[in-house]
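So that you can tell them apart, the chains are marked A, B and C in the order they are listed, and the count of residues begins at 1 in each.
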Amino acid sequence: MGNLSTVGHLTWLHLLQSVLPVVLGTLISIPIARFAAGRRARGAGGRRGAGRVRRGVVVNAAALLYTVPSLALFVLLPLILGTSITSLTNVIVALTLYVVAMMVRSCVDAFESVSPEVLDAGTAMGYRPLRAFFGIELPLSVPVMAAGLRVALVSNISMVSVGAVIGIQSLGTLFTDGLRRDLMAEIVVGILATVVLALVLDRLVTWSAAALTRWQVRA
Amino acid sequence: MFTRITRRGMLSAGALAAASTLVLTGCGGGEDALDEGGDDRSIVVGSADFTESQIIAAVYAEALNDADISAETRPAIGAREAYVGAVKDGSVSVVPDYSGNLLQYYDEVTAPLTEDEVMEYLPQNLPEEVEVLDASPAENKDALVVTRDTADEHELTSIEDLAAFCSEMTLGAPPEFQERSYGLPGLKSNYGCEPAEFSPINDAGGPLTVQALLDDTVQVADIFTTTPAIKQNDLVVLEDPENNFLPQHVLPLANKDALSQDARDVLNKVSAELTTDDLIALNDRVSGDEKASPEQAAKDWVADHDFS
Amino acid sequence: MNVLEQTWKWFADPASWTGAGGIWSRLVEHLGYSGLVLLIAAVIALPVGVLVGHRRSGGNVVVGVAGALRALPTLGLLTLFALWIGLGLTAPVLALVLLAIAPLLTGAYAGVSAVDPVVVDAARAQGLTEWQILTRVELPVAVPVIFGGIRNATLQVIATVTIMAYIDLGGLGRFLIDGLAVRDYSRMVASMILAAALALVLDAVLAGAQKLLSSPGLSKED
């Protein structure tokens, strides 16, 4: 019983540290990516010079951020945020940055996957820019975005457990505790719980994406 | 010295961490924890992030409950920075701690000290929001341990005997042993013992350390005296005549406003009755083959004593 | 004095750099472990990925295996193997090899299978053997994607080798774990600055290597 509630509590902490960053990171990435993708409607055929540079800078900056090891961010962020080193906030902010690093690229690709002709058609039908974005461009870019989201989510879930090395609680705590108590079963439970969590959330993203894109023709 | 500033920073940060954990978990009875006074219904027993601390915390909570004082545990808050911060700000009422390490935390101890000296200096060095209750005879401290074979071969009973052989040995210990005053520096200054090599093993004298000792990867290891594996593997704990290792008696560290006199009495009674052998037995139940939960082990120990 | 100043002092102290536990030797250890892990993982993953890509079937299995491996928490494997096998190099290397296989495998598979079938058929029509098709057509075209996988794996391994110090090994993680053990935050910060710098430098080197290795005919691609 005691064990079960411990695993439950740690799973909750783990979820918080992995899901919250995915949500926040995606919300941050969408406007950045939209900005980087540039103006594409009204038959803007080839990308003009300035747009290409803008896209390159944003995508490369995101890739550079991704190079920094996660554990490094967990340790360095308290310096900037003034938080305690064992605070969940560090993990949440660090992983949000990672999600942004991954998702900006995916979202740029996603926006570019929407055909400019469709956007032009929207304009012709009298859609104003904001409505065209939420009504046409965003829904149409969901499939490509969801693919990126799945990768971000699964990598996040395994990265969270590394925080246990410096005392941040998550399912990773079962690994460090199991090691000290010579309790392989505890470690195995931790691994299984992490994998199950990843699988379940991955399914969830797939289903939500499918539900949001019922317009897609399925094989 | 710079360490003080870092500590203060980490302390307040630790409190923040504890508070944010509280907010984030949003359950487990934490709702009273921020605004408690001397109210018994809100006793929160915290613990550090290692097993024995969780067991003793469970014993405290169980004994208080046994005396009809409602108490609950908040296990594995973290390292001392984190749980001391939580006790200071009152989000945790009491945590089990160890006399020597607690003193060491507030005051850089360099000279070897006896238990009486530790208990004399400790209250003077605590921040004003916290206090320690009676220390228990139960003790769990660092000790140098060798296999029976090594002990027989070199006729070792104390670290003094070991000194002559140190230069041929690899010592396995947690990473901090390299720098702490009781670690390599203390062994050198108190006994003239300088091991040939140091192997940092990060399991707090747990299974990997014991295994390394048994398969001769290391010849001497720093293992806590209440580790059941010492008895199980017939390991020899070397005596420490120079008091290189600080005495480490178990004692409750409490927020001054968090406990009623009744609650203090119960915890003092627990301290009086808890012995080192009890600690070994409790550890064995939780970390040995039985893998009992800390709560169950604590419940059984409390059932054998009378706190009501 | 704040943490950054202390960190700076630590870096400025020549004693931090030299000797058995100095930065240079930890750096060499870190690179050594990473190289060993990547070598073993590459020997396993690259041929499998390339062959499956060449046969153009079994791709689902590769993607599934890679996904499952990605979900496995490395710290969990490390502690599990350490209890199983004991101290030493075997347990952490095994855990990290499992981590590195996923990006290498998917990179090799995706790179080769993405080669235009028309090009492959044209080569076949010209009488090239399967081996020649693989080495002269598919692999050169697949280099950028395969290399992307290698870069990805390298970054992940460099980042994760830090946790080998959690057991008893060296590498840059030693400063992190030792610093944590004595509450020396500035040393932890220094360790992570080094790890981040190493990752950035290595990624730049690999990006350069990728450019040199890729056929100029492919470089127009984004």
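Here is the rule we use: contacts are C-beta pairs under 8 Å (C-beta built on N, C-alpha and C of every residue); 3 or more make two chains touch, one makes a residue touch a chain.
Fair warning: this is a prediction, and the values are worked out from it, not measured in the lab.
J.: Please report the smallest number of touch steps linking chain A to chain B.
T.: The fewest touching-chain steps linking chain A to chain B number 1.
J.: Which of the two pairs, B-C or A-C, is linked by more C-beta contacts?
T.: More C-beta contacts join the chains of A-C.
J.: How many angstrom lie between the centres of chain B and chain C, each centre taken as the mean Cα position?
T.: Computed value for the inter-centroid distance: 39 Å.
J.: Distance-wise, how many Å sit between the C-alpha centres of chain A and chain C, to the nearest whole number?
T.: 21
J.: Send over the residues of chain A in touch with two or more other chains.
T.: In chain A, 85, 167, 179, 182 touch at least two other chains.
J.: By residue number and range, which residues of chain B touch two or more other chains?
T.: In chain B, the residues touching two or more other chains are 10, 79, 81, 207-208.
J.: Would you please write down the residue numbers of chain C that are in contact with two or more other chains?
T.: Expected reply: 3, 82-83, 166, 177, 180, 185.
J.: Using the touch definition up top, name the residues of chain C that touch chain B in the complex.
T.: Residues of chain C touching chain B: 1-3, 6, 82-83, 86-88, 165-168, 174, 177-178, 180-186.
J.: Would you pull the chain B residues touching chain A in the complex into a rising list?
T.: Residue list for chain B touching chain A: 10, 13-17, 20-21, 24-25, 28, 49-51, 75-76, 78-79, 81-82, 203-204, 206-208, 286-287, 291, 293-296.
J.: Quick check on the complex: what are the chain C residues that touch chain A?
T.: Against chain A, the touching part of chain C is residues 3-4, 67-68, 70-80, 82-84, 155, 158-160, 162-163, 166, 176-177, 180, 185, 188-189, 191-193, 195-196, 199-200, 203.
J.: Which stretch or stretches of chain A touch chain B in the complex?
T.: For this pair, the touching residues of chain A are 1-3, 6, 9, 12-13, 16, 78, 82-89, 167, 169, 173, 177, 179-183, 185.
J.: Considering the complex alone, what residue numbers of chain A touch chain C?
T.: Checking each residue of chain A against chain C gives 64, 66-73, 75-76, 79, 85, 154-155, 157-158, 161-162, 164-167, 171-172, 174-176, 178-179, 182, 184, 187-188, 190-191, 194-195, 198-199, 202.
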